[in-house]
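What follows is a pair of complexes built around subunit A, which joins subunit B in one and subunit C in the other.
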Partner chain A sequence: MTVIARRLAGHLARGLVMVLVVTTISFVIIRNIPGDPIAARYEKLIEQGMSPDQAERATAVLYGFMPKGTLWQQYVDYMTGLFTLDLGESLMTPGAQVTDVLFEATKWTVLPVLVGTLLSFLIGVMMGVYAAIKRSGKLGDVLAVSGSLLHGIPQYVLALLLGALFTTLIPILPSGGTADIMFEPGFNLDYIGSLIEHATLPVLTYALASYGGWILAMKSSVVTVLGDDFILAAELRGMKRGIIFRYIARNAILPLFTILALSLGLLFGGAIFIERIFNYPGLGLMLIDSITNRDFALMGGAFLLITVAIIIANIVADMLYTVIDPRVRSGEEVAR
Partner chain B sequence: MTVETMPKAVPPVPSKTAPGVRVGGLSVVYKTSAGELPAIAGINLDLVPGTITGVVGESGSGKSTLALSLLNAVQPPGRIAAGSVEIDGLGDVVALRGEDLRKARGRHIGYVFQAAQNSLNPLKTVGKQLLDLGRSHGVSDLRALVREAKELLGRMGMDGARVLDSHQHELSGGMRQRVGIMLALVLNAHLVVLDEPTTALDMITQATILRIIREVHEERGLTTLVITHDLGVVAEVADRLAVMYGGRIVEQGPTREVLGGPRHPYTRGLLRAIPRLVGDIDEARALPGRPPTLGTVPREGCVFRERCPLRMDVCDTVEPLAIADGPRIVACHAVDAAAAKETKA
Partner chain C sequence: MSDMNPAVALPGNTRATLRRNFWRGVWRVLKRKPSRMAGAIIVLAFAFMGVFGPMFYPDQLPRDDNALYAPPSWAHPFGTDFEGTDVLALVITGSQYVLLTGLVTAVITIVLGTGIGLFAGFRRGRWDSVLMRITDMKLTIPGLPLLLVLSTIWKFSSAWEMGLVLGLLGWGGVARAVRSQTLSLRERGFIEAARGLGLSTTHIIGRELLPSMAPFIAMNMLIAVTGAVYAQVGLFFLGVLPFEANNWGVMLNLAVFGGGALTTTAALPYLLAPLLAILLLTLGIVLVVDAMDEIFNPRLREE
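Right, the complex of A and B next:
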């Protein structure tokens, strides 16, 4: 257990360094956008008749930090704010803390993405096993080919197709928003029903877009394990089919867990197109809005969140492997 | 447990004594793009109860196919095309299907894999796989099974408790091989097939494994079949020896007699090819040519004629019959001709 704890501590330390590096880079990039938007803004406000004090405050609100002192001083101010989770105020919604805006948007991204990904993982893995076992039959071919095709369609094309199909051609699903405004938000059936209705299209898109990948990955993984000696050995020892099937499934699914954990991290940032198309107020949509509105504080916050999500997903993937694969576990013990 | 809940098809109680095995006219074909090609053809082999039989041959001679046939486990695209494998207390294995076949494997016939192969699930401890094995065969007293396993492992010089608690990657090749032998014997099978039991092991471990095979064989009263490409292994453990070439058994007989006075030109060639510890290294003569593959085995005549120093006209057209002379059986026209001359003289 101490081995796992030590491993985790190492990961966290490295993750923290990574976050600092990424934050620094995005800070530098924002400060070096051609034309120095901060100075330009500041001067424009003075031209408009603001006092230097007022102009400075207004600029600070816009960029999330006080453009005062040397670049180094500004950087230190920004970083200290970061450690107290103070990312400044958002421009789009004046007075709102960036952190609050981020958390509000995050919940609309995390839930649909999580449901969609887990759904496609479950179905994709099961179909992949089937496709592997029936790989010389027609149905296996159909499954594999359909997986390849789905895998090849870009997410946003899929989203457009589904949107057109279910909101215009066969209008059975609503488009846009998280729920009908006529329902009182809260824990009542109408509202929750409307929530689910509105989330169906984004979730369906996430699920379909990744499903093909799971089928193909699981199929090839199962085919590899089927050729392993220990499967034939189990058969020759007269093991029950159910037990042999479990041996195959557990060994084959192992590499997929890593992909799953990593893809969950990526989906925080990858939902941009889909949320834009379905006008779903998640992180992706928020990021687009913050870019079009030049809301740099919010942008920086969104980048930070996406970075942290991916780093955490990496750590989870690695720790998960340590827990489920005994070979990795004891490898660590030897290295101790 | 009431009578109703007992499994209906109670597998026949494994014979407490070593079973005899009679392989008759066994042919296995593999489906290829060039049609079905025979991997082994017309194999006749008796395993005498309580003996160790060694099968020797080069890669591709069909010896592993023969071993798998004993469990009716030839893997697709191969299939048993003809013949029978009669095992005492079990009947003809070739006719067994489905659950009957599954239950026979492991309980009646133990199969030990080549040590280099990973015959254990890498994600589970040996102990858990032992329990899976017990449950597969309806063993009600799993504690007794674990006790038996520990005893067997201890008998082979290992710490049973520790091994059962280990994963495959924590065991060395020699340890894995002993675990394989334990799993083959723990259900009290009395017919054991070992496929290349010492390949990929170092010399000292090889010697240990061979000693264990011999001792366990005697203690438990087994009928054992050892498949190997190593004449040294056969010389060490086997009572009887069968030499395979091109999917046929070309010569068989008591190990000492066959090794001491080989009759078939292939057996002679094999023995001549072994370098001696003493004497000139040049005395070892490699067999010229190369063994046939599935596609190049001649369809008629003797399979060895291309490399044979005693080749005659008849060898091109007629496949030599296996002729018994006492305990020795040889399939060679030249040997027959020599024997015929001798009897005339």
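Right, the complex of A and C next:
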């Protein structure tokens, strides 16, 4: 157990360093934006008849640090605000805390990403096993080639093609948003039906975009396990094919769980294109909107949250590996 | 020193023969599968388009003020855009920015990635762990969000700038891969023999290590080109950068968010033309990578 604890501690320390790095990047960028929005905001408030003190405080609420003062003082202010989860106020939705805006958006990212990824994981893994077993046949070839093609196409190309197909050429799906506004949000059939209808295209794109990767990963994993000695031993002992198959599947799927954890973290940032194309109000769309509307507090917050998701996914992936793979657990070095 | 090594100081004509054999091998590999030939032709065509494309339209792009969002026709094979400009001409002239960025990115990615990977893998020890920590950190920071955030202070107005930024952000994966290759290669017999002979480090790296990794590096370079093309077209498509240059991403943005290509059919050809260009380029590069795999890997070669 101590091995796991030590690894976890190391991960957390490194994660903290990463958070520091990312927030420092945000701070440096916000400070260096051409036209200095912080000073501009301050001047504007003064012009509107605020006293310098008031204006200073109002600006600080927005950006997390005082418009005047040394660079170091501003940096410390920004960081302390961060660690008390105070990211300032959003410019786009006046009066709303950045943290609240972000949590509202996270909901719309997590749900479609989770459904899409799990769907493609299940189908991709099954197809991958099939492609590995039939790898010399025609069907295996077709599966592998379609896998590499889907894996190679960038997400936004896939999203645009699916969008053009299902909203323009055969208009059966809505082109954007989360639900029709004519339905009352809440737990009623109309609203939920509309939700599902609107989520179909984003989920389908997530699923198709990652499906190719799963096929390829599972296929190569199964092929590796097939060559292992214990499979040969099992065959020589005359075990039933079904039992051998279970051996293969259990061993081959192990490395994929780590990739699954990693990809869930990456998808937080990867959702940007899909959310922009289908106008889905998740974290990615929030990041873009904050940039085009010059809402820099929100931008820093969204960037931080996306990075934290990746850090957490990394930790989960490694912990998962430690728990499933007995060699790592016992402290043995494993070449990965 | 190296003049004494027979493998290095080949007489001129032997080297020429080797080179001729190499090109003959390339030709054979290409000829056996027509798909690879198609891949090479596609990649060459794109290179030609990137270099000479803008020269076909020296003054102004063909424009028809009376035909906004015209459907495909003989005069305009992919229709026209919102102001009647020929879409095909836009794709051709836009390719220069896209491909030049791809090339710059690929070169920077490969030079930095290979250099850092080789150094870390060959030196090992403290330098190795420091460099790999940095590489891991770089790999953790999400690339696209970072680019978006950077776009607030940097406008990427020229293809060179864009390529530079993408290259500086992208070397992490190559560095990791080259390092692990170096770590395994340096324990092999031929490297140990070279070290035993007292050959210099530059010789071992330049003449023994790099050539064995060349195919791997070359393939990574092509993959880096596609990665850079996707990234920059995506950035322009998202609309966070000013539309200074003519670019496939700008076309996609205007088609979807200006022309409403996801709600009406009028702007559909305008949307599909750059998408088709991206898909074709991807296909060409995938096929060439497949061919390179066989050219450089003698075990895959069927004589």
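Definition applied: the second predicted complex is superposed on the first by the 295 of 336 C-alpha atoms of A that agree within 3 Å, B and C clash if a C-alpha of one lies under 4 Å from a C-alpha of the other, contacts with A are read in each partner's own complex, and residues count from 1 in each chain.
Just so we're on the same page, a residue touches a chain if its C-beta (ideal position, glycine included) is under 8 Å from a C-beta of that chain, and two chains touch if they have at least 3 such contacts.
All figures in this text were calculated on a predicted structure; none of them were measured in a lab.
When both complexes are superposed on subunit A, subunit B and subunit C sit side by side without a clash.
In the superposition on chain A, A:32 makes contact with subunit C only, while subunit B stays out of contact range.
Residue contacts after overlaying the shared chain place A:303 against subunit C, while subunit B stays out of touching range.
When both complexes are overlaid on chain A, the residue A:124 reaches neither subunit B nor subunit C.
By the touch criterion defined above, A:213 lies against neither subunit B nor subunit C after alignment on the C-alpha atoms of chain A. Legend: residue contacts after superposition of the two complexes on their common chain; A:116 is shown touching neither subunit B nor subunit C.
Comparing subunit B with subunit C, the partner in contact with more residues of subunit A is C.
Contacts of A:88 after superposition on the shared chain: neither subunit B nor subunit C is touched. Here subunit B and subunit C sit at a least CA-CA distance of 11 Å once the structures share a frame through chain A. Of all residues in subunit C, only 137, 140-146, 148-153, 226, 230, 233-234, 237-240, 252, 256, 261-265, 268, 271-272, 275, 278-279, 282, 286 touch subunit A in the complex they form.
For subunit A in complex with subunit C, the residues that touch the partner chain are 17-18, 21-22, 25-26, 29, 32-34, 148-149, 152-154, 156-157, 160-161, 163-164, 167-169, 175-176, 266, 268-270, 272-273, 276-277, 287-288, 291-292, 294, 296, 299, 302-303, 306-307, 310-311, 314.
Interface residues of subunit B facing subunit A in the complex, by the touch rule stated above, are 71, 73, 75, 102-107, 111, 113, 117-124, 132-133, 135-137, 167, 169-170, 180, 183-184.
Subunit A makes touch with subunit B in their complex at residues 228-230, 232-240, 243, 247, 250-251, 254, 324-327, 330.
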